[in-house]
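Look for chain A in each of the two complexes below; its partner is chain B in the first and chain C in the second.
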Partner chain A sequence: MNQLRGIIRYELLMSWRRRALPMLMLTFLAALVLIGLMIEQVSATVDRGVISVQVQDGVTTITQRIEDGSIIEEPLDAEAASRLPPWMIGLDLSQAANTIRGINVLIPALMVLVVGSIPLLSDVIPLDRQYRIRELLDATPLHRSLYLIGKVLSVWVGLLIGLALCFGIFQSVLYLRYGAYDLLPLLLDWLVFAIPLTLMTSFGTLLFTSWAGTRRVGLLVGIGLIPVGVYLYFVSAMTLSGVGRLVNPVYGFGTMGASLNGINDQTIALESVIGMLLIYAVAFAAVWMFGWGVARWREAR
Partner chain B sequence: MKGKAILNHWQLAWRRGFRSVGWFLPLIGAGIIFGAILTSLGGFQIAFLRFNALEVVLPLFVGVQAALLFAPDDEPPLELMLAKPRPLPWVLFERTAALIVIYGLIAGVASLLVLTLPNAESLAQTFVRWLPPTIGMIGIGVWISVSSRKASSGVFAAVMLCGAMAVGQTVLLPRYEFMSWVMFYVQPWDVSAERYLANRLILTLIGLLTFASALGLLRDSERMLGTNQAVAQ
Partner chain C sequence: MIEIENLSKTYRGGVKALSNLTLNIDTGMFGLVGPNGAGKTTLMRILAGLLRPSGGRVTAFGHDLATYAGRHTVKMNLGYLPQELGLYPNLNAYEFLDYMAILKGITDAGERKRQIGNLLETVRLTDSAKRPLKTYSGGMKRRIGIAQALLGHPRLLIVDEPTAGLDPEERVRFRNLLADMAVERTIILSTHIVEDISQSCNDLAVMRAGTVVFRGAPADLIQRARGHVWTLTGQRPAESLTLVSTLHLQQGVQYRVLGDPGGDALPAEPTLEDGYMWLMQSAELSKTAK
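On to the complex of A and B.
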């Protein structure tokens, strides 16, 4: 355990000194804030001046903002009320629009993190070999699994700290710029979409470049991994970014592959999220076997 | 006379220069460019090929390769190189020349192929499309790798910059017109002819200035050896 703690601590320090992780997280934060400031128009369906729809004693009332900025309430006739989708009743549409804004900002900004992390993290393990640290490590009673876990965990800890900071700053900017929003769907998006995708990308980058003998070779392998990262991003965006639908189907608006599917919507969202997370688990196992196998093969040589 | 003396005294290391560019990335770059041109010849329309493939793919690949040309931390015999009478910038010149020869060949052939497309632009117009952003990316890629000492920073910057420019072309340009001064992929019909020309000149200038700045950094031996730096490989 002490060995693991030591690897994590010193690798984190090196990440800080190499400026790789700070540079990556600053770029991600810049993308979040810039896209967040620029995005104004979300789906017109929820952003047409209607703030909320309430049903009380069988009477449906619409609260909406009219052109002069004042807010009015007016009852809806029975026929129009019957055509309203059930998810709309009782929902604060203004707040929902702001939440969808947050989701729509996170999705493209994550592309920056995924693509950027690959070249910046591709030299973490090859560097030890380039500077002959590997030979020193071979002389210590450090098991190859522990070494790889230490390297991966150090990068993960750094990324998670960065993601937490970005989350805090971005949510504040979102609130100050657009007003109140529903935190739960956004939090779910960060927890189920952003974090697993980031961890998977960094995990793959670290282990697929672990066989490289020099930083340059590691970087070249990393460049080759960028299309794989982009593919992973799109697949994840199409399945995991709509996780907000578990809270309300409206949070599937604007997310790739999501649509309002009526009463089964939550089941469909849950199925696609669990399915994708299972694929992640299989991919984690496969990548780990590759990295571990390469390390063992090298030792055997 | 002086040039002849230089050639006599300082041996050229062309093979090393070409090896630093390699064949893998140029091959992939050429495959994408020629594939896109041939697809256009076949009359297919693919969304991401709305831009001229040459002007999008070439600066990206050249920028990434330029970043890989020279990074002080990735040059094991750096002290020896600095101790030799041949100036260090010479190494960068050699490698950049190799990069220009390889990608120049790809871009030249692709430009001639583009001429065969229906409603093709003139050869000069095609060159004006890809050459300035490519020069810009050579300068930026080299400068970031030399100044940060790591090729990974240069590659990261090249990928991010080209991605931001491609997205900015459709997202930022309609909103912030002033960005047309420095956008890589600005189209001739988006702005006035004078603005387009100014854009191309600015991009070329950025490339030349950043490249000159990288050469200046290479002349500082103490800096190249990382004397003033904390331990940060």
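On to the complex of A and C.
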């Protein structure tokens, strides 16, 4: 464990000093800001009109913003109330709109993170060979698997710290710019979609570039891996990005092509989320076997 | 005690680096000399557990290097300085040594700090300990390499060209340091600088084309050249003789040669370098004769 802690600590330090991790996170933050600004116009229409629908003692009350900007609150007759979709009842639509805006900014920005992370992380293992440090490392009682695990964990710890910081900044900006939002669906998207996708991409990048002897070869392999990362992103986005619907079906709006009218008919299939995460687990194992196999093959030569 | 029996190593493409090499190495300083391509580095890499031999058997302190457990145990007691030393350019000397100490299994932070402090002092890098390694000169990097090899008080120290790039003062200091340490451990020193061997080793092997062509004390190797070393002043020696050195003096150019030039040549007291040259010349002649 001491060796593992040492590798994580010093790999993190070196990755910070190489500026790879800060650059990646700054790129991601910049993508969040730019995409946020780009979709601001589109989503501005969502938070006009109905603000919330509340049912109390059998009476349905609707709160709306009218054209002059003032807010009115009035009871609905039974027939109009029956036409409202059930997900709307009790929901603060202004908060929901802000949350949906957040989710819709996060999803495309993750594409930038995935594509950016592959070349930036493709030299983590090849650099050790380029620096000719491997001979020294191999002469220590460090097991080769532990070396690989240490490399992967150091990148993961760095990414998790970076993502946590980005999430903190992102939600603060979201709150300051648009006001209150629903934290849970946004957090779910972050935990179930953003983090596994980022970890899987970095894991694959590290192990598939592990055989490269120089930084340049690692980078070339990394560039070749970008289409795989993009494919993984789309598959994950289709399955996992609408996970907020576990909280309320409205949080599927804008994700997976869901339209406002179709929200009532769509519920998130928990099985598909679990299935996708299982596929991730299998992919992790397969990639690990590849990296470990390459390491053994190199050792046997 | 290191026991090497019939060791051979053939690289891909059929390049034979070691051929049926048998050698026993005891506690103390052991010198390994030989021309480029003799197989010294291959032998050292096998002893460090970095390369698998193609054949033969190696045991170190009773542990068989063919097994993972054997290699692991040997690595726990190993200090290794490779010929081509690599360092992490973004770490400073203290951080690098701390990282290497952790990987070597020195778990106690206090002990690491103490050892690193002492070693930085020993290699005279205390003042530069906080500077990134990428700003170090070649000699300073070599000294950091030496310091990392000494971490953890290894029982077996394998150093490949340790004094390359060091200034004369540092070379002498490092040689003395190794000699002091050799009292209770096995130190294998591979070098092209015969003077390093003559000043510090009481046992040596000369390698050529993957085999050991001499094994014994430096004095025995010197003895082999006795009667074959001559100095000539003025006239240039014949092409058939091996020229060891050329010295420009007031009375003319003085040549030091191996062989018998006859004439006005004067016999000279052989050095270890003469012994090495004589051995190599004899080996070449016997190869040609075959």
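Everything that follows uses one rule, which is that the second predicted complex is superposed on the first by the 278 of 301 C-alpha atoms of A that agree within 3 Å, B and C clash if a C-alpha of one lies under 4 Å from a C-alpha of the other, contacts with A are read in each partner's own complex, and residues count from 1 in each chain.
Basically, a contact is a pair of C-beta atoms (placed from the backbone, for glycine too) under 8 Å apart; a residue touches a chain by one contact, two chains touch by 3 or more.
The structure presented is a predicted model; accordingly, all values stated were derived computationally and were not measured.
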* Answer with first, second, both or neither: which of chain B and chain C does A:89 touch in the superposed model? => neither
* Which partner does A:215 contact after superposing on A: first (chain B), second (chain C), both, neither? -> first
* Does chain B (first) or chain C (second) touch A:135, or do both, or does neither? -> second
* To do: Classify the contacts of A:6 with the two partner chains as first (chain B alone), second (chain C alone), both, or neither.
  => second
* Asked: So, A:23: does it touch chain B (first), chain C (second), both, or neither?
  -> first
* To do: Return first, second, both or neither, reflecting whether A:120 touches chain B, chain C, both chains, or no partner chain.
  => first
* To do: State whether A:226 touches chain B only (first), chain C only (second), both chains, or neither.
  => first
* Doubly contacted residues of chain A, that is, touched by chain B and again by chain C -> 14, 17-18, 131
* To do: Could you please specify the touching residues of chain B with respect to chain A in the complex?
  => 22, 24-25, 64, 68, 73-74, 148, 150-153, 155-156, 159-160, 163, 167, 171-172, 175, 230-233
* What part of chain A is in contact with chain B in the complex they form? -> 14, 17-20, 23-24, 27, 38, 108, 111-112, 115-116, 119-120, 122-123, 127, 131, 214-216, 219-220, 222-223, 226
* Asked: In the complex of these two chains, what residues of chain C are touching chain A?
  -> 12, 45, 48-50, 52, 72, 75-76, 78, 80, 82, 84-91, 95, 98-100, 102-105, 107, 148
* Spell out the residues on chain A that touch chain C in their complex, using ranges where they run on. => 2-3, 5-7, 10, 13-14, 17-18, 131-142, 300-301
